[in-house]
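Going by the order they are written in, the chains are A, B, C and D; count residues from 1 in each one.
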């Protein structure tokens, strides 16, 4: 029953039901992309909610958004972009069969991912201290820059809606980051054992695709949550 | 093997893409601090989309991929996302019409 | 026996006949389709049953047939759509001269308040041949106002108004159902719509222990809550005058303009900062949680009544007048 | 012809390993299909018991059999179990899992371990919903409308939501697996134009699964977050809009109806061709109509919301779009009928189910036009008219197709024939029982009986009695196949490799198939439904 497989070089990573490595690799890649489409739709539900309330509560969202730390948000964006570079370099190293380099880049990615999560935790903590976490203790007072005391008082409910969406969206993103860090830890372990080489590196490529996707989500979250209404 | 004809970019190339992404991040923060009125969100989303495109095309190796299915899959994902947003807005956008 | 086995609902509103006509039309067309296709299936099954020496005749398909049986249904569908849309449009646009009944739904009862101040629970008395607009809101979950004999249904949502209207044609008592599942006693959230001849209706109104008419209650609240200090009729107050506002376009500070309907007035009381009239400062406090749905209804009814007293008042004229003097201060 | 090999009495997928472990750790798509078959059948009968409770309560207008609260939980559990644990997985996960690789000449699905994972996810979801059911249940209806579900009920929303969430991932993985398999694993010569229509319809289903399911997943998370953390995204008291929940919910749950019906349509295409001994009429149109339904199916969701307080203009748009989805469905029905024309039709059990399907799907589909029609929908929505409509589509049609398919492929699955006489009797009972149960509900709906009513007005009683009586017959019709299928596993006549002389790769391997489906990878040099070239050998002629 392995007639087709026998004709090609037999790779130990080739699973019995595939004819050859090309078919196996292409299947895995297509599967991963399809999975990313489900992720697009998953985040899509939240973007949909965001869009509707952003338009309905335009000014209150703007006011609430300014309380987020632009500095931390920007730093986190940079950290995440850097991690994308280390991921793509890891994939590159795997494809060229450079196992030590692969391990190094995987560890670098994990460190950057944890940095992102750490900064995020600081931001969450700040919000908690400021009573910006939705719930009975929620309280939001807009900071009025001088000369703007005529601003409408911020509607507490609408501001709370902003923070609800903020926590749900960044929270879901953070959960994806945590899963990503877990995945990369597994990859690093396998890479340490020399599991990936020139011919077999699909897990690295697919985990890389996942990481980049999570990065792309943040690329949209950053302006939508941090950058609205920063001008005065 | 199929995966080999593409993504043979050098490390330097990836670093260039990273710098482009960082520059765009700076640009989007800068643009947000300037009052462009209704254009603020448009500019922010346009820059985000350029960044996303850079990541997808070069980091995720969609440009030059041998697989044409990948592009089909991405476009269908975006299409159905826009469908969700667009048709929902068909309700919310017209609620106040009389 | 037949009282226990009806096959067609009673027809007691002007809308019922329209809906029935369309329904019967659909029944005929779709029934015809069903009969045609089922007959074809049965005839083919019998005529081409397996027999010795008989072989199936292979047919690849036919583009002409495919186009035919795609295009003909498509046209039928467009007819259904267009006819249905016309009726729906009527159902969703209450005539301007309607008598207005404010309705509050809650788990698991209906409360109605007539413009003259009569209040009812789980029963709604209405006269024949008069347009009745039901302005509804819910205190808790989603309910749905459904009167089968009138062929109308409208979900009742918490936090905003939804509107249904009808014109009853036949005196009698008809079922009122809650049609959107709303919890344990959902099936108990029923009531009666009692349709009476106008004279009898007037008698019923007079006989009941009615409170003050709704707009009067609303006016009392308007003064009591201090609304009148800012929203002075002559427009000299710190807030825009509310006379002549209802039913007209209002220009907002952010450049948009909205029609002042029930939901706009409601939102302006609950969440005043969301839509600021152009030229005014966002200084009004919210009344969220401070007034009940019944009081809100009364206020809305009052705001509406002071618009109807002054027909011909240009839309948002006070607001426009205020623009020159006050707009500089905002932004 | 293909390089076909049949193996006389030798190792097959059933004899390849015995014992619990050989089943619970299997990656063989056929064995996983059997795991699904067992678990889905279990949940079908659990859901059926709840249906029975509901029908018994409705025998009288007074609420005298169950408490109001119990009744509400009964119809909720009925809906949840039937939708998430029966209708959505039934045809793809059982028949699809078994047949998709065989029909395209592959050794297995592309990701066998993910396939097993999807069964485990299904089971975890199943355990959760069972636990939820045993410890109090849910009373919101399977639609979970907010704010009732988020702020008012005190039943186990989060656990039930989690069950649906996990089961949703099971169906995402099934869909993903099918798409990759159909793209990547086809045997040499198996071009897209030669695929059996069952494959096309499963492909279309998989598209809906991977595009729609994630949206319900996030919606469930938002509902849970709202209950746990005081978020107000759907809560009007906190500035949220309950209609947003309905939009997100129906964005998945309307296309989910196509997840249920599309694979069934694929089954019908196989049955009608096999027992008319004809190539399908208009192959391309039937194939592309599946894709058409899957895509247009995403444009119509808000037709569930015409009286919800949604914008008037949106209602017009969605009504119009809804009519468009009727066209591909109509094309299918016409093509099936035309396929019978000048055929050589035998009245086997599967064919009886197929013909019954056409009848029930006609009624189910055409009443959909009533609900798409704005003016009529206002009156009939949220009444028993809707209940009847979706049961005609989701129960009538889907179950007819599933049972037809089970009878058709049972010889392949088990290697045994089922008793034909009993099969026909059961088919008849199901058809009659079904119509008696649900046809009166159309009348009830137009009369104005709202759905989800525990007690009702006395004038609705006679029709409700018809309905309950029909449900009893229907119940018998469903239990019969369960009994004789189990009986036939031991006592049934051994099946030949191709007992129906049917076309398709699955009939070119042994019954039951060997573990890797084919001894040699088949090479396909024939079109689908090539009945011109298939000899009718020992076809069981109707007697």
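We take it that a residue touches a chain if its C-beta (ideal position, glycine included) is under 8 Å from a C-beta of that chain, and two chains touch if they have at least 3 such contacts.
Just so it is clear, the model here is predicted, and its values are computed rather than measured.
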{"item": "Most centrally placed chain, judged by C-alpha centres", "value": "D"}
{"item": "Chain pair with the higher count of C-beta pairs in contact (A-D, B-D)", "value": "A-D"}
{"item": "Distance from chain D to chain A - Cα centre to Cα centre, in angstrom", "value": "35"}
{"item": "Distance from the mean Cα position of chain C to that of chain A, given in whole angstrom", "value": "44"}
{"item": "Contacts with 2+ other chains: residues of chain A", "value": "26, 30, 34, 37, 40-41, 44-45, 48, 52, 56-57, 155, 157-158"}
{"item": "Per-residue overlap in chain D, given as positions that touch at least 2 other chains", "value": "183, 211, 215, 239, 243-244, 247, 251, 312"}
{"item": "Contacts with two or more other chains, residues of chain B listed in rising order", "value": "69, 76-77, 80, 84, 88, 92"}
{"item": "Chain C-facing residues of chain D, complex", "value": "63, 68-69, 72, 139-141, 143, 145, 147-148, 151-153, 236-237, 239, 242-243, 276-279, 281-285, 306-309, 312, 315-316, 319-320, 323-324, 326-327, 330-331, 333-335, 337-338, 340-347, 355, 358-359, 362-363, 366-367, 369-370, 372-379, 381-383, 443, 446-448, 450-459, 461-463, 531-532, 539, 541-542"}
{"item": "In the complex with chain C, residue positions of chain A that touch it", "value": "56-60, 150-155, 157-158"}
{"item": "Sites on chain C touched by chain A in the complex", "value": "254, 271, 273-274, 276, 281-282, 285-286, 288, 329-331"}
{"item": "Partner chain A, residues of chain B touching it in the complex", "value": "1-4, 7, 9, 11, 14-15, 17-18, 21-22, 25, 28-29, 32-36, 40-41, 44-45, 47-48, 51-52, 55-56, 58-60, 67, 69-70, 73-74, 76-78, 80-81, 84-85, 88-89, 92"}
{"item": "Touch list for chain D against partner chain B, complex", "value": "183, 211, 215, 243-244, 247, 251, 298-299, 301-302, 310-314, 317-318"}
